[in-house]
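Every chain is named by a letter (A, B, C and D) in the order it is written, and numbering of its residues begins at 1.
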Amino acid sequence: MSGYVIRKEDYLRRLRLIEGQVRGLARMIDEDTYCIDVLTQLSSVTSALRSVGLGLLDEHLHHCVVDAASIEADRGDRTITEAVVAIERLLRA
Amino acid sequence: MSGYVIRKEDYLRRLRLIEGQVRGLARMIDEDTYCIDVLTQLSSVTSALRSVGLGLLDEHLHHCVVDAASIEADRGDRTITEAVVAIERLLRA
Amino acid sequence: MSGYVIRKEDYLRRLRLIEGQVRGLARMIDEDTYCIDVLTQLSSVTSALRSVGLGLLDEHLHHCVVDAASIEADRGDRTITEAVVAIERLLRA
Amino acid sequence: MSGYVIRKEDYLRRLRLIEGQVRGLARMIDEDTYCIDVLTQLSSVTSALRSVGLGLLDEHLHHCVVDAASIEADRGDRTITEAVVAIERLLRA
């Protein structure tokens, strides 16, 4: 089971908002909006995406990692290593 | 005129792809995909957005900033200060 | 006990290298090195610092979080929440 | 001439502070400080480095780029392309 299941509706709602924001970016470009204003909006979409990522990571650590560690130490360790790789990917994205 | 006008179609195409990727993220969550796989996909969307941001910034510096500076030094300076604030916002997003 | 204790010498060695790199940055500025070359070196110092941060986070999750969770579920949860706040701070830094 | 020359003393002072902060990080690790406290301090060093980077970039755009563009359009363009590559490197660091 995925760690975020209990807040699934919340994540789906936030992603719909982000999808609308991306469409808004396209509209701004289509209407020749001043570059800096497009960039400001783009930073806000990036920030919203990052928040979703941090939320998913939070649930993952609270549920999947703790569950894996409680079953078997080795399994917990593998799950943590995998999570750290995901955090690194977020940091460099 | 916005600096990205000549590549407008390219930006619109990239934003449509990103919009599709965000919808893909929602679908992954709706289907209870494993958290780490959702995070990997989310990093890739963030990275695609950042590339669009860097592209817009590049055009902005090549066109708007150079144009503003050629009209009047002060105006060039204000445009650069504004661009640096936008870069800072991208960095912290 | 801190999670990084067994690799303490390795971290101290990496931080000494980073300290030397920061001194190198000051020397570059003192010698009026071209801005872009200073920025390239600065990105490399930032990247080295981030790697140390990811290493510390990795040890923290593998040791402190797993230990806390094995003592008491609530304690594990608090430790994870604290770690996620630290990850967010790294992301925005 | 480098764009930051007039604020050279300010940059040297900030880099000395950062060097001291990196030494402080090593001291924290040497004294087995709690991982999360080390990470908080590390985020603050990273943030101080980024501010120096943004400052250098700001001076670079205000001086070197504008100078290059005033000499010859092509030269301005090359300098801007080089600056955007440096910004991308900062973003991914």
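Points to keep in mind about this one:
The rule is short, and it goes like this: contacts are C-beta pairs under 8 Å (C-beta built on N, C-alpha and C of every residue); 3 or more make two chains touch, one makes a residue touch a chain.
Given the structure is predicted, the values throughout are model-derived calculations rather than measurements.
Separation between the centroids of chain A and chain C, computed from CA atoms only, is 22 Å. For the pair chain A and chain B, the distance between C-alpha centroids works out to 17 Å. Chain B and chain C have Cα centroids lying 28 Å from one another. Multi-chain contact residues of chain D, defined as those touching 2 or more other chains: 50, 57, 83, 90, 92. If each chain is drawn as a node and touching chains are joined, the picture is one closed loop, every chain linked to exactly two others. Contacting chain pairs (ordered by label): A-B, A-C, B-D, C-D. For chain D in complex with chain C, the touching residues are 1-5, 8, 11-12, 15-16, 18-19, 22-23, 25-26, 29-30, 32-36, 38-40, 42-47, 49-50, 52-53, 56-57, 59-60, 64, 82-83, 86, 89-90, 92-93. Residue ranges of chain B in contact with chain D, taken from their complex: 50, 54, 57-58, 61-62, 65-66, 69-70, 73, 76-77, 80-81, 83-84, 87-88, 90-91.
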